[in-house]
Amino acid sequence: MAGEITLTVGGQAGQGVQSIGLTLARAFARGGLHVFAQQDYESRVRGGHNSFKLRMGPRPVMAALQETNILVALDPLSLDVHMAQLTDPGVAIFDGEKTQVAGPRRGYFPVPLERLAQESGGNRLMQNSVAAGAAAGLTGFDFSIISDAVAEQFKGRGPEVEEGNRRAAQAGYDYALTQFGGRCDCSLSTMAAPKRLLLDGNEALVLGALAGGCRFMAGYPMTPSTPILQYMATKGAGLGAVGIQTEDEIAAINMAIGASFAGVRAMTATAGGGFSLMVEGLGLAGMTETPVVIVVGQRPGPATGFPTRTEQGDLEFVLHAAQGEFARIVLTPGTPEQAFALGFRAFNLAERYQLPVIILTDQQLADSYRTIEPFDLSSLQIDRGELLLDAPPDYMRYRLTPSGISPRAVPGLSSAVVVADSDEHAEDGHITEDGAVRTAMVRKRVGKLELARADIVPPEHYGEQHPELLLIGWGSTYGALREAVDDLRADGVSAGMLHLSQVWPFPNEQVQAAMKAAKKSVMVENNASGQLARVMRGETGLAPDGHILKYDGRPFSPSEITTQARRWLR
Amino acid sequence: MAGEITLTVGGQAGQGVQSIGLTLARAFARGGLHVFAQQDYESRVRGGHNSFKLRMGPRPVMAALQETNILVALDPLSLDVHMAQLTDPGVAIFDGEKTQVAGPRRGYFPVPLERLAQESGGNRLMQNSVAAGAAAGLTGFDFSIISDAVAEQFKGRGPEVEEGNRRAAQAGYDYALTQFGGRCDCSLSTMAAPKRLLLDGNEALVLGALAGGCRFMAGYPMTPSTPILQYMATKGAGLGAVGIQTEDEIAAINMAIGASFAGVRAMTATAGGGFSLMVEGLGLAGMTETPVVIVVGQRPGPATGFPTRTEQGDLEFVLHAAQGEFARIVLTPGTPEQAFALGFRAFNLAERYQLPVIILTDQQLADSYRTIEPFDLSSLQIDRGELLLDAPPDYMRYRLTPSGISPRAVPGLSSAVVVADSDEHAEDGHITEDGAVRTAMVRKRVGKLELARADIVPPEHYGEQHPELLLIGWGSTYGALREAVDDLRADGVSAGMLHLSQVWPFPNEQVQAAMKAAKKSVMVENNASGQLARVMRGETGLAPDGHILKYDGRPFSPSEITTQARRWLR
Amino acid sequence: MSIKVSVAAEDYATTQVPAWCPGCGNFGILPAVVNALVTLQLAPHQVLLVSGIGQAGKLPHYIKCNVFNGLHGRTLPAATAAKLANRELAVIAVGGDGDGYGEGGNHFLHALRRNPDITYIVHDNQVYGLTLGQTSPTSDPGYISATTPRGAYQPVHPIALAIAAGGTFVARGFAGNTDHLAGLIGEAIRHRGFGYIDVLQPCVTFNRVNTFAWYRQRVYDLASDGHDPADREAAWQRAQEWGERIPIGIFYREERPTFEDNFPSLAGEPLVKRPIDPRAVGPLLEDFK
Amino acid sequence: MSIKVSVAAEDYATTQVPAWCPGCGNFGILPAVVNALVTLQLAPHQVLLVSGIGQAGKLPHYIKCNVFNGLHGRTLPAATAAKLANRELAVIAVGGDGDGYGEGGNHFLHALRRNPDITYIVHDNQVYGLTLGQTSPTSDPGYISATTPRGAYQPVHPIALAIAAGGTFVARGFAGNTDHLAGLIGEAIRHRGFGYIDVLQPCVTFNRVNTFAWYRQRVYDLASDGHDPADREAAWQRAQEWGERIPIGIFYREERPTFEDNFPSLAGEPLVKRPIDPRAVGPLLEDFK
């Protein structure tokens, strides 16, 4: 798109790929641009190959492209990996004094990163600031913004370090501007814009949870969800929240349930492997009707799989996890905005229906940054459902009521006692062996699924309302799908998108209506077996006309979708 | 049915309900009768109310009825609970000298159990033998067979005890025959018949597994599957098998996988709660392509639920458990015959396709006894699939082959080394980050599901081939379904049964054909949400015309099915 | 809410009838728990009993107070978290030896080092009672059951383990001595930290070895045998005793910061009583600008 | 199969390049394992390395032998079972401190009492390396990470725990002393029973406290300090040392029946080599007639 640039930073783990990328992303965002950034990294701490892909421009950007206008290669391997993606014109920055390349190639732009760092900042370790500056220099973007963002990275390390890095960035900036300026057709200028937020899916989600009153989190580190726990334990603590690293995921879910039973909004976060260990606890929340929020950040499985990559392979798993039958809600945000909104909403839903709410994300959403408009906190309403602060002495936790929800007291807040049980129980919470009671309790627990239909987040219909081709997706494919629809329509194709950010209870009516309004429907999923399609068929009997599936551990780009989508247009 | 009798023993846990019932069942079976016995018990060791329902007759019996011709009530509560089920004529035996009942009632037959025990056997503890004898006396069945079965129970406790109990049984028998003979229209006579086996689903399954070469089992006690582990650890040991009680279910599944990786056929068994803890291990088997057999004995959930009762609530759970996508096979035996056959077959399938095989049973199958024809061991063939005993030095565990299966070597048997990995791996088993390799490996792991279609156990079609009403079911409802079909047909209704003893890969074609051939199809499931129906719809797009669901923790009786089935005939 | 002048045992009475076997050791533990609560003058609504699954796990149903009867083996995480959520509750976790040392062994280990201010009572009958008599992690070597037909092997020694793992209150009681046990439970509840008591609990149905009589012949009270619970070394040595002489009482006690002390955010009002304000995240958003 | 005259380090060489950070303590453990195997003259196909997930869990990929790289925290059950299936294999489990004392703590406890004849090497870097530096169960008190911003609390003391839980071979090595470590690993493999070694392994990227230099100043060899590994009491006392002086070497060693010894059915041919005959169940069917 016009005025849009993709900038890729590549290098080994430990070389600072992410910090260069994020610094630039922040700077461009502060300069009023829209930014999207996608990360690609391996399951190691040093070495290998990582990249940080930054796309920015004057209009909203929602996905990463395969092409890059600017490449910052921190090691030779990064040149190998990314040169094929370089646009024409395009520029690849690397340290020509350290990396010997065979002959000059189109776009090669050797910058003496280490030497400039030494000369300008006085320390060769400042080479990453040189690189950031050089990349920015190619765009001619307002240097003062870049400079501030670079310095901010070193806040607290003393004015000398900050200043040195500023100078290093300036050296890189000047070098690029003077030596290569204009050669890549990638100039960017600042824009007047409201101050946007730049955050990734994990950050948006945990902020939503904190806004939603979550004050207890227990978790065990697991990519891609670890940052949620870390945020709770550090920043969340400032709001009075507790973030606990447990001995294992079993403890994590049982702690979250224990805290929630005692009246505090509580969550846990993990990936599929950790969620496997939480399955019994999920059923416990279902049986005891204890609200709890569980974030499952998908990564390619089975088992350890690709720990740092992305996939949508756990949908049917989370829909059906745990023995027995009970209602649950599954939310599938696709953007930071949705992650925040659903991170907030999850706690209201969990308390209103007294059940577990699963927020199903994935590495692509969790680790990708985007600029978004600041959240409107003023409209957020806490709803604690049928919470009973002053329970009567004859209180019974599992009373059968016309509403289908048993008023929920918490222990210690009144003189009533609260009895919850993982065994089948009577209204008073005590163990029963009675078949009729059992039947009534099953109906209540399963029946909440129907009640929760009243609160389904409707799928988002984008593009043509009666398209020739409807692309259906869920979760993190949102951005790529939406841009694919834009691209198809720009090409004259009548296209639409139906994106589900809530999969369960399944939005039967809206999906059926959208499919009916479309000539053909194609399901786009980042998995191998078309899980949402199977769920949809089980719920509605409808099957899509086709599938676009990808399961190499990498996210879709819009063009991968458009290319395949055209197959159904012939 | 003519010549058929139902006998119910009721009493508290610890009173010997099961041992009286089983002794009688054995005796009647040895006398050539067909026997079916169903147990009902609570999650406690003493007290409460248990019952053992025994149905027998000259023709095969497959389910328990609600009515009972004979009741042996070991405590007053049992009279309360079961009198309403007594047929007319019918007889309720109880110790009239211990239990005061309000006025005589139809069928009441007080027998001085304790006094007769004291007088005949010399010990009032022998009252259960009196009761067994009395019940048998009502039927006039050959006493010598009864006497031997009673004595056998006390084998090893010395001839005095054996003889005393024989005499006690005789006293009861004589008392009943003389005092009440003929009054209940429930005489039974011995029949010439081949020696049948009397066993429950667990026993049949574990025998099948042993026949299938299972020599390693690790498990953690959990109703209803504990007896499988106990059998392996005691009787299985005689065949050289190892049965280990682990610290938890996580250890159990990982042990089974470790043993299987090392080349020994291995299994574990649990209920839904324990399976929850095995989910991560299930995915490990999928990823490492390690054959393993997992028995999941269903009981009503969620969470602890009804520990000793029955339900079919875990089907979708086991179908979708674990993150990521990989092939698995799910077998759902409905009878001891099928339990044996599939217990055997599971190990061949697991090795042939190198994947986890789940045998989904439930308390009803696990704990119900039936007489069956002796197994034909001579026809059983072990198939170890592409097992490589002499692997070449350049052996690679995950080689991509035209067959879709990677030849499988085990460590230590050749000079080749075997490398298995829970991370995504290349052909050599080492960690990879490559997208193309990933895609190929996913295809292989998922693709085995298609391969396994060649081996689907076809559903059993019983009754009319083009029925007005087709009853579709799976697992332990087999007997009730089949008898319901018989009863409907005897009533002139054109009825058929389609029973799935393998649910995954789903037998699409056979199910579609059967539904097409039927005018109406009704799905019969022992759960609340109609899980097989949803699976069927997801796979075929077809929905049944109706559901017959039951979820009070108790099994279906044939009449419960027929009553509800008639609703779709109007 | 009315202020109770004094709490009596009747306040804890329920209509639930225990589903234990007649004569079970659990009947010695039930009154001990109630007596301790009454002695401490805690009202039922101030108490939360958290249990797992097993015969022991049924205990909370027979005491009128707040109850969370959760999963087999998972009492400690739930109890720890409930305490963090509302530190005004007296939180007591109870479970069996299979529950606590088998299924829940990992949580036991980590609770000991974390030292949450809760109480943990293990009904140690050295057998899996509810599942009908299998060997447990504490079954004596040689114990025969259907899962160890050749006899159990080396057991877990929970007291020694608790001391090694950093327990701050490590005690053993005996279900045959309810008064002594009630005293221990009271001390454990009062203890600021993880008050852990392993209770020798005869299972009269399945465990024919470790019977009431067997224990009665062997148990002796540490307090009257000159043991100093502040002496960790002595505690370790006493923990090795098993066989002819079996010590009961407090092996070890120390003061150490509790798990809750690690979270400054817990200071002030209990978490559960704090109002929720969605706008409180406002300042955090500045970091992302 | 040809008979190897002698095994050399090259026989264990692979083309896999370690994915560890330059300077990582794991580079001191890798050759120690290989050297021990060579010293024992075990051929690659006779060895099975079982690992979990973490930096430590990658080790088996860098040694040419049989490898089962399973789940995070689940090395011990898989390794124990593989040994039961084929006792001719030398089975060695390896994993990190998070893997072994966090996620896998329960298996560790129960392996110690069961005493399977396998070896267990824990790369103890007191941090979660692969997941980028969180606190681990063995992090020293006060250790700051994103999950314990106020500092870690009381850690697990794995050596003391191992002794209390019934370990029969309890040792500590140091990744900075490969020769000594190789010796320990050799002893552990030779030990008939559960040969457990906690290895002090500096994580040069995340753990800025427990560095090579920090350890070098502190470690001393038990063997040269007059310690008798047969003395359990002394072992317990040495296990308490941490700080100025940190003992390495064998704390405790005893002979006890192995887990395998509990199963008479394992006598004779290894399970894996026995033929399968479906008709062998015939006699068992008689019980049901």
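Letters A, B, C and D mark the chains as written, and numbering starts fresh at 1 in each.
Everything below uses one rule, namely that a contact is a pair of C-beta atoms (placed from the backbone, for glycine too) under 8 Å apart; a residue touches a chain by one contact, two chains touch by 3 or more.
Because the structure is predicted, anything quoted here is derived from the model rather than measured.
Novice: Weigh A-C against B-C on C-beta contact pairs and write down the one with more.
Specialist: Taking the two pairs in turn, the one with more contacts turns out to be A-C.
Novice: By CA centroid distance, what chain is farthest from subunit C?
Specialist: A
Novice: How many Å are there between the centre of subunit A and the centre of subunit B, using C-alpha atoms for each centre?
Specialist: Centre separation, subunit A to subunit B: 45 Å.
Novice: Starting from the mean Cα coordinates of subunit A and subunit C, work out the distance between those two points in Å.
Specialist: 41
Novice: Could you grab the centroid distance between subunit A and subunit D? Build each centroid from C-alpha atoms only and quote it in angstrom.
Specialist: Their C-alpha centroids are separated by 37 Å.
Novice: Using the touch rule from the top of the page, what residues of subunit C touch 2 or more other chains?
Specialist: In subunit C, 19, 53, 71, 105-106, 109-110, 137, 148, 263-264 touch at least two other chains.
Novice: Show the residues in subunit A shared as contacts by 2 or more other chains, in ascending order.
Specialist: Counting only residues that touch two or more other chains, subunit A contributes 42-43, 48, 237, 247-248, 250, 273, 280, 284, 288, 303-304, 307, 421-423, 431.
Novice: Using the touch definition from the top, list the residues of subunit B that touch subunit D in their complex.
Specialist: Touching subunit D from subunit B are residues 30, 195-199, 203, 207, 210-213, 215-216, 218, 235, 237-242, 244, 246-248, 250-252, 254-266, 280-281, 284, 288, 344, 374-375, 377-378, 380-382, 410-423, 429-431.
Novice: Help me check something: in the complex, which residues belonging to subunit C touch subunit B?
Specialist: The contact residues of subunit C facing subunit B are 19-22, 53, 55, 71-73, 98, 102-103, 105, 128-132, 134-135, 137, 146-149, 205-206.
Novice: Going by the contact rule set out above, which residues of subunit A touch subunit D in the complex?
Specialist: Contacts found on subunit A: 14, 42-48, 220-223, 226, 229-230, 233-234, 237, 243, 245, 247-248, 273, 303-304, 307.
Novice: For the complex, which residues does subunit C have touching subunit D?
Specialist: 104-106, 109-110, 113-115, 137, 148, 150-151, 153-157, 160-161, 163-166, 233, 236-237, 256-257, 259, 262-264
Novice: What part of subunit A is in contact with subunit B in the complex they form?
Specialist: Residues 42-43, 48, 250, 271-273, 275-277, 279-280, 283-284, 286-288, 298-307, 309, 311, 313-314, 316-317, 319-326, 421-424, 431, 433, 435-436, 438-439, 442-443, 445-446, 527-529, 531, 534-535, 537-539, 541, 543, 551-554.
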